[in-house]
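What follows is a set of structures for review.
Consider the two complexes below, in which chain A is the common component and chain B and chain C are the respective partners.
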Partner chain A sequence: MEYSFDWSVLWRYREQLLNGFGLTLALSLLGLTGALAVGLVAGAAGASARRLSRAISIGYVELARNVPLLVHMYLWYLGLTALRLPAFWCGVLALALYSGSYVAEIVRSGIQSVPAGQTDAALALGLSSRRTMTRVVYPQALRIVAPSLAGLFSQLIKDSSLASVISVGELTFVAGAIEGDTFRTFEAYIGISVLYLIAVTAVSRAALFGLRGRIVEPAMRY
Partner chain B sequence: MKGLTTAFFVLLAVAMLGAVVAPARAEDALEAIKARHKLIAGVKNDTPPFGYLDEKNEVVGFDIDLVHEIAKALGVEVEFVKVTSPTRVPLLVSGNVDLSAASMTHTREREGAIDFSITYYTGAQTLLVPADSAIKGLKDLAGKTVAVQQGTTLEKTLAQAAPEAKIQPFRDYTTAWLALRQGRADAFTGSYDVLRGFAREAPGFQIVGEKFSLEPFGIGVRHGDWQLRNAVNAVLQDLWTSGRYQEIYRKWFQVDPDMPIETWPKG
Partner chain C sequence: MDLSVVSRNLPYLAMGFAVTLETAALVILGGSMLGLLLGLARSGRVPGLRHCAILYIEFIRGTPLLVVLFIVYFAIPPLIGHRFTAYAAAVIGFIAFIGAYIAEDLRSGLASVPHGQIEAALASGLAPRQVLRLVVLPQAIRRMIPALFNQFVRLLKFTSVASVIGVTELTGATLAVNAREFKPLSLLTALALAYFAACYALSLLGRWLNRRYAIAS
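Entry: the complex of A and B
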């Protein structure tokens, strides 16, 4: 093809690329924190014995999960115009609510996959039902779902690229800007792909390691 | 180890890309067009009045009419391929389209990636604001949020013309327009004729202030396709001398062109 690559473009735009990378990480980490908070609660509610909790959990999961993330972005950005919430936080909100529904489903199935005998045994030993959950069921459930959650986290980093449509200056947005300025489309998008690759690899490894080592082990004291 | 893995993936990505865009071409695009009796043109479908979809869902506009004229002059059929900002250059350099008439502003920087025809339209940048806005021109933009399409010459020009303004770039024109309508932005900057197109669809908005930049549009061709570029340049000049260009211009902009197309002596 009649095209010569010019990778120096990436170096010329290094400042914007670094800023974009930082925003992608911030967006993903905050989105992830929100998704975990929402998802753990909704997941526990989904596995609860109370019908009302289950209904609310299912309602949220279905609503949030069955709407495309792109629509979530527009919805929170344009829908919350009155609040004048900055685009960045609309992006975080969209990511947290959307990914939170996946976390909820993973957590719910994790809790339900802990054998009923564990609950029976804990109750028979005299643990309160609350302690049965927090000390016996949840820790085992988390260990089961750790790999799925790690997978979801790497998905979330890539999903954060959709925040570019609401003018959050993250990596994909920066690639668009470089493309517009220079018409160096290949260089810009291959460049950010490498940065995504690094971020996703690092974060999913760390997540897997962290979930295994930090959250599950303390439960073994019992 | 991680460095190695990354390097491997980069190579892989480049290799995959190479495989997609591989077909080597020795001949000029002009010969290819004549051999297949068809001109394949990349055009926009979201930028009225240059290239957009009409009620029948067909792509129409100023750019499209010019491409029809180019095809007619070359004596070939024409096929339109819709392009967006991330695809317009890859589709062109990979040979999927012969030329790109996608309301592109010709800049020296962009010449590094593709070549351009002579200027076929000159845009001027202005501001669109709500009718009751206090903004009357560039001087009133201090501290105001101005929506603009990202990666455009518009964005840079505004930053120079109104350094006090808060510039909010969006990935496409349509979202920037939505931001203005929703009150997310105080003003929306863009090409005069594009803004006029938007203002027509929603009353309550008006164009204010002077035109503060010139945006020369060019038709993009691949580096090295000088025969095609010469042919396109010749057609544009003939359209001007025959008066056909002026007709097309009036059809889409309702006024006479304020900038002539440069014409070169035949020899």
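Entry: the complex of A and C
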């Protein structure tokens, strides 16, 4: 092996790496917010009793999640050049619509796992159907699906690396730039994978810690 | 929308589609093998092997696919003094990536086989190796069908990332056509529909196999 390692390159480029890391986190957080917004609506529609809402929800979910994220990125970036959205927001849009379909499926299964007796009881107590949903069904459903949503967020952080192909200057893009400058390919890519690993581990640990004792088994007694 | 751009370039795009399907088929085979080996190592009782498997699985699961691909294509060759073609690097990277996820699914599949079955099999005189091969694995794999096909569909979508390192699969071919014709909306819509059809067909196959072979728990 003739390759000599030079890890100091990571320290020399610390500012770019931190900026890229920040952009990765911003991309992921905004993407998550969008995915939650889209997914909560689509998931509720998917669990609704109305056939039309269900059909629209299923149509969106199947279309969005059977198309690669990379194609989502290109579609919003190249396909909609008329909109002149900055690359960063195209990335957020692509992440939100792609991951939104996964959130929708998680939310739908969460709502359906709340026992029907809970809805019946709430309605029998005189709650309107809207309050039955917002006060009785959703709070329980969200507790059931919280761990899956945390898993989805770690996935989203990693998925955001694909925004580098539409020239968003996030972590993977920065690694490419460092490589171009210094030819320190191995150090650059191993360096950023450690950063991704830290972010993903932090999310799953935080979820584990934050959800401890609050996770509700489906069909638990109240 | 101008769909004639798609029909004009159909032979080239179809070639790309064939490369995508071929890659996916290779990776499904290779990834399942790697997943099986890693999953067994992860669930087994050999300490060194188990820790290596855990380390590998956790590293891969915390790293984006694109970065794994860059590591295989750009970062490993200077270390080992051998360059892969883009296609070989993509297949190796995908197998290395999806194998870790399949290993995790296998682990929960193995854990779902009731312990009494293992005891019963040992008591009836099967060797530990036979217990694994004849009793535990067949049931674990039948329980894993939905999770496994989830990974396969994911993998089929992920093959698009190979275009970034220059493989002319479906996405790469579409982008090349777009560079000449500049009709992004038509081309990318057709691209999305092609992936949709392929992924949907694969998930239907998974559902069918699951209906046929799943074990009611």
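Methods note: the second predicted complex is superposed on the first by the 203 of 222 C-alpha atoms of A that agree within 3 Å, B and C clash if a C-alpha of one lies under 4 Å from a C-alpha of the other, contacts with A are read in each partner's own complex, and residues count from 1 in each chain.
Everything that follows uses one rule, which is that a residue touches a chain if its C-beta (ideal position, glycine included) is under 8 Å from a C-beta of that chain, and two chains touch if they have at least 3 such contacts.
Everything quoted here is computed from the prediction, not taken from an experiment.
Undergrad: Mind checking the superposed model to see whether chain B and chain C fit together on chain A or clash?
TA: clash
Undergrad: With both structures fitted on chain A, tell me whether chain B or chain C touches more of chain A's residues.
TA: If we count touched residues of chain A for both partners, the winner is C.
Undergrad: So, A:T182: does it touch chain B (first), chain C (second), both, or neither?
TA: first
Undergrad: Output check: A:F173 vs chain B and chain C. Expected answer is one of first, second, both, neither. What do you get?
TA: first
Undergrad: Touching A:I192 in the superposition: chain B (first), chain C (second), both, neither?
TA: The second partner, chain C, only.
Undergrad: I'd like to know which partner A:S113 touches here: chain B for first, chain C for second, both or neither.
TA: A:S113 sits against neither chain B nor chain C.
Undergrad: Check the residue A:D6 against both partner chains and state whether it touches chain B (first), chain C (second), both, or neither.
TA: In the superposed model, A:D6 contacts chain B only, not chain C.
Undergrad: Touching A:S128 in the superposition: chain B (first), chain C (second), both, neither?
TA: neither
Undergrad: Quick check for you: in the superposed arrangement, does A:P68 touch first (chain B), second (chain C), both or neither?
TA: second
Undergrad: Examine A:S161 and indicate which partner it touches, taking first as chain B and second as chain C; both and neither are also allowed.
TA: In the superposition, A:S161 contacts chain C only.
Undergrad: Considering only touches as defined above, state whether A:T33 meets chain B (first), chain C (second), both or neither.
TA: So A:T33 meets neither chain B nor chain C here.
Undergrad: Going by the clash criterion at the top, which of the stretches 8-16, 44-52 or 80-88 from chain C hits chain B after superposition?
TA: After superposing on chain A, the stretch of chain C hitting chain B is 80-88.
Undergrad: Would you mind listing the overlap between the chain B footprint and the chain C footprint on chain A?
TA: The answer is residues 1-3, 78, 81, 164-165, 176, 179, 185-186, 189-190, 193, 197, 201 of chain A.
Undergrad: Looking at the complex, which residues from chain A come into contact with chain C?
TA: 1-3, 62-63, 66-71, 74-75, 78-81, 154, 158-162, 164-165, 172, 175-176, 179, 185-186, 188-190, 192-193, 196-197, 200-201
Undergrad: Residue numbers of chain C touching chain A in their complex, please.
TA: Those in contact with chain A are residues 58-59, 61-67, 70-71, 74-76, 78-81, 153, 157-161, 163-164, 171, 175, 178, 184-185, 188-189, 191-192, 195-196, 199-200, 203.
Undergrad: Give the list of chain A residues in touch with chain B in this complex.
TA: So the residues of chain A in touch with chain B come to 1-4, 6, 77-78, 81, 164-167, 169, 173, 176-186, 189-190, 193-194, 197-198, 201.
Undergrad: Please give the residue numbers of chain B that touch chain A in the complex, ascending.
TA: 2, 5-6, 9-10, 13-14, 17, 21-25, 85-90, 93-95, 109-110, 112-114, 149-152, 155-156, 168-171, 175, 178-179, 182-184, 222-225
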